[in-house]
Amino acid sequence: MTTRISRDALAARVARDIPEGAVMNLGIGAPTRVANFLPDGLEVILHTENGMLGMGPEPEPGRVDPDLINAGKQPVTEQAGSAYFHHADSFAMMRGGHLDVCVLGAFQVSERGDLANWSTGAADSIPAVGGAMDLAIGAKQVFVMTDLFARSGEPKLVRECSYPLTGVRCVTRIYTDHAIFDVSPSGLSVTELFGDNTIEELRELTGLDLVDATTFSPSDRSHA
Amino acid sequence: MTTRISRDALAARVARDIPEGAVMNLGIGAPTRVANFLPDGLEVILHTENGMLGMGPEPEPGRVDPDLINAGKQPVTEQAGSAYFHHADSFAMMRGGHLDVCVLGAFQVSERGDLANWSTGAADSIPAVGGAMDLAIGAKQVFVMTDLFARSGEPKLVRECSYPLTGVRCVTRIYTDHAIFDVSPSGLSVTELFGDNTIEELRELTGLDLVDATTFSPSDRSHA
Amino acid sequence: MISKIVSGLDEAVSGISDGAVVMIGGFGRAGQPVELIDALLAHGAKDLTVINNNAGNGDTGLAALLAARRVRKMICSFPRQVDSQVFDGLYRAGEIELELVPQGNLAERIRAAGAGIGAFFTPTGVGTALAEGKETREINGRQYVLEYALPADVALVSALRADRWGNLVYRKTARNFGPIMAAAAATTVVQVDEIVELGAIDPESVVTPGIYVNHVVAVGERAWLREGEFVGAVSTEGAAS
Amino acid sequence: MISKIVSGLDEAVSGISDGAVVMIGGFGRAGQPVELIDALLAHGAKDLTVINNNAGNGDTGLAALLAARRVRKMICSFPRQVDSQVFDGLYRAGEIELELVPQGNLAERIRAAGAGIGAFFTPTGVGTALAEGKETREINGRQYVLEYALPADVALVSALRADRWGNLVYRKTARNFGPIMAAAAATTVVQVDEIVELGAIDPESVVTPGIYVNHVVAVGERAWLREGEFVGAVSTEGAAS
């Protein structure tokens, strides 16, 4: 039985890798939680692709402003230093490589860093892509934050994505509930294992040739 | 001997064709004078390609602001209703066909509306194009304002431009010191003759097959 | 005297013909020109192509226009939302056409139309199903796909304030698609909370210069400002950009 | 705490290496970052490619950089001015390379570099000598020429005010190339009159968001504002855009 850390523990782990001053876009869903774990006083600038830098947390009750929402259409707030701009300027910012980090969810990530997160390809679903393809190529570092296994038990890290692609060779690092993986020229390398998980187990479960790039001793892993 | 009207009379004649509400860019040199002849109270919005709409006349002495200049780098003023924007937005406005009128100078205009006004092609000159090529395609109507003949005596209206082109089939109308010409599918048509000039004389002097499209009786011409 | 101000919503949309390509501003509900959409519905134009980031929320605004079967085709990035039941039904029944465009390419195609750019090479979508059949090219070692300008006959936009020249300022993230749609349409119709004196908008802060605006109609201050306090019960949509 | 503020001009330009591609803001003298250019001159980087609308005025600023033989190549739209004698001399002597670009294509190429667009089809220049050898295409009945993004290693920009995140506002037509150059360069260095508290710039009026800015240095209020009155004796240049 492998160790799985909780969604919040994973969000906290991602947050530890965000340096002060980073400009960051947090995808809809679990990635949004990363903001909750940034240390107080650490200045990180949040971008939302619907036209804002310097986005603050959700408002207090009674202070919801329908003109101030994030890409998930949830109410947010304004921080000192924020700026508004139109949609073309906002996506120019992403496409031009000006964001430091995007954190995204995934259906699948291939060992060369292809991302599939916009469509399961199901025939009866209504296709909707939103900003997913722009986010996939929209930062210097593209982090994926996901469970290692889908509910069906299938691994989400794969040799080739079977779901429709969002972006090609775009993912830098994958934070999963089991371990952290870096996309490297030689494939996926494991940089950190959570709990008692071992490379061998993960190799077996995913069927991938994982490179061992862990630098933490077991005792170091207690942070997870 | 043909009749030539003065540069200011020509500027006044161009000004008569500018309707209220027009957004207009006046090229460097003689075209700039058109602004002096717009009737008081007529609202025309002047664009300058270095990033402003709602440009006003030159400032009074002692009120020159080095941050407020036109494309000719001369000091100007700000009118109520003006707006500033950056260079890409300014040229997007022109290229996108949003200006109503540009008035430009010319070395040559061909009978199909090609414009040459940026270079004489002289081997020793330092090439410089500025916004000329953008202005040439940068308005719904592109007016040229020029003497009909160069100092050398050569006509500036020609079958084919011999000088390097600024734009292809871009000129709508040519206001000259002798007559006004429209670029039409069948070539150049003369819509207005100044003074005692006749189509026959102009045909002879230019060597062009000018269409007679004048609608003014001789008595009407006294305005020039 | 220049005045782009029209007195009524009906007049503002009266020029929209059957078959028109209509851009509608807004991202979800933020910046959606609800009063103009209602006027378009009352006006009756049909067989429309609508360009909007989404495909309607709930039963009002764009969703109502869809429900009335006025829209032949949607061009958008994210039709599927928790409350997009009107579009969903039409789409599943094969009664509406959909052109799906990644959001940034949608925005850039609209921007290109306003800016006189015919087409551009974008990295977004390369290698995906949404680039299938499109021209691709490697430039300086990176792969790009060619996308074309997306113009419109009419844009319906919501802004905060206008002057009589049509200069506009927006409010917070309700700005979104407004400025680029205003520039991309042959005719731009804007609803604003308030019309102010010429000169009252700082020239340094104008977001949409009046050159892009044809008709402005004042619809009164938006509810959450009129009430003097922000609201506590705006529904937040779980799903998606 | 984020702070892009550096205390000295020397520090601001210290990262510029020999051979760098340097964008310099300004249109003629308006918006020219004179203090940063002087610092670059003192810094000593050579073999530069400089992107500016013009090619220097008089003997100061960019002209001084040219006179010191630090510039291998100019990319600009309008080198020839009444007071461009420094460039003129170098050019006639074959001692500087020139890439001439129509002003709007120059601006759009810079914008494309910042916006991640690899290349675009523009109608400007079609059929002229400046489009010779370039790919052309007809799109919807109009002719276009393909132009490529123009990025830079460094941008030197002059703005009016900044906060410590690097958010910028400009002043009047001195805005010109500043915002697009700030976005197009790997490193953007900005001189401002004044640094204000974070939050003092209205988020609706920020022109260049801090994401595009690396270093900000305050150089004091521009002379004509410091004097409390506008000036009467600024030379007006007869020639050209």
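We call the chains A, B, C and D, going by the order they appear; numbering starts again at 1 in every chain.
Operating definition for what follows: a residue touches a chain if its C-beta (ideal position, glycine included) is under 8 Å from a C-beta of that chain, and two chains touch if they have at least 3 such contacts.
Only a predicted model underlies this, so the values are computations on that prediction, with no experimental measurement involved.
Asker: So which one's got more C-beta contacts, B-D or A-D?
Answerer: Here the pair linked by more C-beta pairs in contact is B-D.
Asker: Using Cα averages as centroids, what's the distance between chain A and chain C in whole Å?
Answerer: 29
Asker: Indicate the whole-number Å distance between the mean C-alpha point of chain A and the mean C-alpha point of chain D.
Answerer: Measuring from centre to centre gives 36 Å for this pair.
Asker: Which whole number of Å gives the spacing of the CA centres of chain A and chain B?
Answerer: 56
Asker: Give the residues of chain D that touch two or more other chains, as numbers and ranges in rising order.
Answerer: Chain D, residues with two or more chain partners: 108, 111, 115-117, 122-123, 170-172, 203-204, 207.
Asker: Identify all positions of chain B at which a residue touches two or more other chains, and write them in rising order.
Answerer: In chain B, residues 52, 78, 84-85, 92, 94-95, 137 touch at least two other chains, as defined above.
Asker: For this entry, which pairs of chains touch?
Answerer: Every touching chain pair, ordered by label, is A-C, A-D, B-C, B-D, C-D.
Asker: Once bound in the complex, which stretches of chain A touch chain C?
Answerer: 28, 48-52, 59, 61-75, 78, 84-88, 90-92, 94-95, 114, 119, 124-134, 137-138, 164-168
Asker: Name, in rising order, each residue of chain C that touches chain B in their complex.
Answerer: Listed in rising order, the residues are 1-2, 111, 113-117, 163-165, 167, 183, 198-199, 203-204, 206, 209-212.
Asker: Given the complex with chain D, which residues does chain C contribute to the contact?
Answerer: Its residues touching chain D are 108, 112, 115-123, 137, 139-140, 142, 144, 148-149, 169-172, 202-205, 207.
Asker: What residues on chain A touch chain D, complex-wise?
Answerer: The touching residues are 20-21, 23, 43, 45, 47, 52-54, 78, 80-85, 92-99.
Asker: Given the complex with chain B, which residues does chain D contribute to the contact?
Answerer: Touch residues, chain D against chain B: 27-31, 53, 77-81, 84, 87-88, 91-92, 98, 100-105, 107-108, 110-111, 122-130, 143, 170-180, 207, 222, 224, 229-234, 236-241.
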